[in-house]
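Across the two complexes that follow, subunit A remains constant while its partner is subunit B and subsequently subunit C.
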Partner chain A sequence: MGLLTILKKNKLKEKEIRLLMLGLDNAGKTTILKKINGEDISTISPTLGFNIKTMELDGYKLNIWDVGGQKSIRSYWRNYFEQTDGLIWVIDSADRKDRFELCKKELLSLLKEERIAGASLLIFANKQDLPSALSKDQIQEFLELDTIESCHWNIQSCSAYTGENLVKGMKWITNDIRSRIFLLD
Partner chain B sequence: MLMTDSKEASADFWNEFQTEKESILSTLTNLNSSIPALKLKSEFNTILSRINNLEKSVIAASIYLPPHDKETCSQQIKQLNEELNKRKVLLTPKSKFSFKSRNKIKKNTEVVNNISNVSANINNDSKEIVNNVPKNALQFSNKSNTYITPQEDIQNTTKDVYLNDLESCVIDLVNIKFDIAILQMNRIKNCIVFVKPIKSSMIIDNCNDCYFVLACHQFRMHDSKNIEVYLHCSSHPIIEDCTGIHFSKYQLPVSNIEEVFKIANIDINNNQYDLVEDFKWLKQQKSPNWDIINESDIKPLIFFEDKNNIELWKKTYLLQ
Partner chain C sequence: MISQAEAGPRKVRVAKKLVVKDKSPVSSTKNLSSKFQNMSIEDNSDKITPEYVSKLKAPTSGFLCPLTKNKYIQFKGFKIRDVDSGEIFYNVSDPTDPEPFDTFMKGVDDSYRTLHYEFSKNYLKGKHIGTTVEFATCPEAIPNFRMIERHYFKDKLIKSFDFSFGFCIPNSRNTWENVYEVPKISSSLYKEMLQNPEQTCSDSFYFINDKLFMHNKAYFTFK
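This part shows the complex of A and B:
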């Protein structure tokens, strides 16, 4: 029995998963979090700092960290990297070009971070309820997700406003982490 | 856990621990002053996180580790930390001065930015996928000295609206027959913008010397200055890298005001226009970058008959 096996067993006992949710400001991170949790989404303020929510999914305890995406607080994202099992990257699918480019740039630099290198990556193409939203395929092509080799990733179209596909995305990332870490399941 | 298992596990753990410890030590010893400061800093950070991980592994293994092994391991981790700090002081003697280290962090992010700039440039082809603004959106752009209002034939739908590169224009999005989901404004100068309550959020970037009448769920303004905003916002409005932003309550001279708020699903009694948060102002005192317009300075909203008389609009509404 090697160290890795022991660590994995230890994790298994806890059945806890730590998820970090990031993305540009106005992507809808907090709305996703609150919608999943069944809370009111009509009076959400832009996040100054972070929110944490714990939820149960398929017998696992998910600790979801939602960190504000405003420009001046993006440099603090790194403070949340430690022990992250999965990264949820949220995109406003109806954003304008220069912000899409910024989004791509921020995601690329995140993927270079050693401390979250192995984490599963779920990309939420949010705001699909908006009339001008890009499809997840278009976003996948623009972000060149197919070139990502450093981690397992998946892109999921969703709407935090209607709640569509949120649980589907969460299930994918939970399963992916489970198969990676909790081998003995 | 069986006895043999536990013995075997602790022996395995001990070996792996020692290997990692030796590896960290040799990495530390190999660091010298010829390495650039930036690289050195990241090396130190990597070593620190390796030590932390090692410590975590000891804690995790403490269920089955014999007390003596556990004690030795934590002693050795302590030594590793001491060694790390010694090398840090030795190789970066000025690091106690905090401004220096901040600069380094900044440089560091610049490097990252440069790298991604390069990769963004290489992939020029892919840019075509994303248009300047989304395809189905309603866009008004590159105009000056014009009175702008959407065409009559757009009605009974919900639109995303994008305004960009406008100068000295009046934009009327009040007397329209469709609903607005989101609104983004970019590079708007000397403009007067009226908008009926929108269903979602708005982003305002790089605007200056304007008069805005807006109602929304979320309000974010970046890199803008000298703007009067008559706002209804059901959450805290955000400004970032802005100066001279003056807020007041939303005003709209329409008879069915309650109805338009209801359509946008905004609570007409919950207006947080005065609870602005400035992300570039961390002190306790109120940010100097925004204020509330004095009662006596509020400009009453009048729609002129002579809509195309831009000078008249500007004279009435814009800060001189």
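This part shows the complex of A and C:
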């Protein structure tokens, strides 16, 4: 009985996927997290720490870590890199120009981090419901995503407010991780 | 943010402050206190490891660490919901700032860490349940925060959770929702759980760097 339990446990451990959701403050990370989970999004305050969701998806255990994006918190992001299988970078597509510059800078510095270098990267071009939002193609060009070679990446336009394309993005990243890590299953 | 519960009390810490039942009356309180002094629980709790509590097969008879060990975490909210139907079984939230961490445990007794929940019986029929905890942390960074929770019915283990939060940012406010599949229970067990208030219970153990610093108990009644 003992050995079987250990084997089962080990297998289960490997089937845990860890996603880290980052981005500048007010990008909509917590709203995305709540929306995909069917929760009320009418009152969301700035995250002064983390919000974690643990859930079962197609038999896999999924842990999503949404860490606050305020300037004072960004220096702690590196404490959450360990064992991250996928990075979700959230962008306010209707943000100001200088914030886009900052967003690009933060993303590029993240991609240099060894501990998350191999993780699948999903970019959510959020707030597409706003008329001033840049398109996914415009953002892709601005962030020079085509120069990324260190990892699998995908950009998905979405609206956390309406819920549009959130599941599509989540499906892409979990499938990509699964095909990379669980190929031998 | 979790909204204030309709009828829920404002402060989580006094959410369900009920009298702790004395299940094993001791002849005199004097006896009891001298017994505790000899036991020196402060020392013993240092030896309680995650491995140890993970092997427990029944609720502990008392608390495995003194209240004053917790200078790190203050709970600010609890929520329990049916993910499929949206029904909310329990929701309390305290939006206020945490109290000073080095003194907030002074003068409180075990009722502080003994919670009594009363849930709709739909809870037992739910397919996916989501439990959310919200907590504030002390001014120092917490390196390795871990929770192990053991759930029992009539001294039999029915469910166990083990979750590593890892690093906690100084002075932070954090939430964790655990959405899990409820194991199917037989109609006879369902009946039994309904008919036996407070026989469904849990021990929650909290560790920092594998050292126990907080132990809470909860008792459940389904109606």
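By our rule, the second predicted complex is superposed on the first by the 170 of 185 C-alpha atoms of A that agree within 3 Å, B and C clash if a C-alpha of one lies under 4 Å from a C-alpha of the other, contacts with A are read in each partner's own complex, and residues count from 1 in each chain.
Note that in this section a contact is a pair of C-beta atoms (placed from the backbone, for glycine too) under 8 Å apart; a residue touches a chain by one contact, two chains touch by 3 or more.
Source: prediction; values computed, not measured.
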| query | In the superposed arrangement, which partner chain does A:Gly38 touch: subunit B (first), subunit C (second), both, or neither? | reply | second
Practice problem: In the overlay, answer first, second, both or neither for which of subunit B and subunit C A:Leu48 touches. | Solution: both
### Message
With both complexes superposed on chain A, which partner does A:Ile73 reach: first (subunit B), second (subunit C), both or neither?
### Response
both
Comparing subunit B and subunit C in the superposed model, the one touching more of subunit A is B
Residues on subunit A touched by both subunit B and subunit C 43-45, 48, 73, 82
Note: in the complex, subunit A contacts subunit B through residues 1-3, 6-7, 10, 25-26, 42-46, 48, 70-73, 75, 82, 94-101, 104-105, 108-109, 112, 114-115, 130-134, 138, 141-142, 144, 161
Listed in rising order, subunit C residues that touch subunit A in their complex are 1, 3, 83, 86, 128, 130, 137, 163, 165-169, 171-181
The answer for subunit A against subunit C in the complex is residues 37-38, 40, 43-45, 47-56, 68, 73, 76, 79-80, 82
So, in the complex, the side of subunit B touching subunit A is made of residues 5, 8-9, 12-13, 16-17, 46, 49, 57, 60-61, 63-64, 105, 109, 112-113, 115-117, 119-120, 123, 126-127, 129-137, 157-160, 162, 164, 181-182, 184, 186, 200-201, 203, 217-218, 220, 222, 234-236, 238, 240-241, 265, 267, 270, 272, 277, 279-280
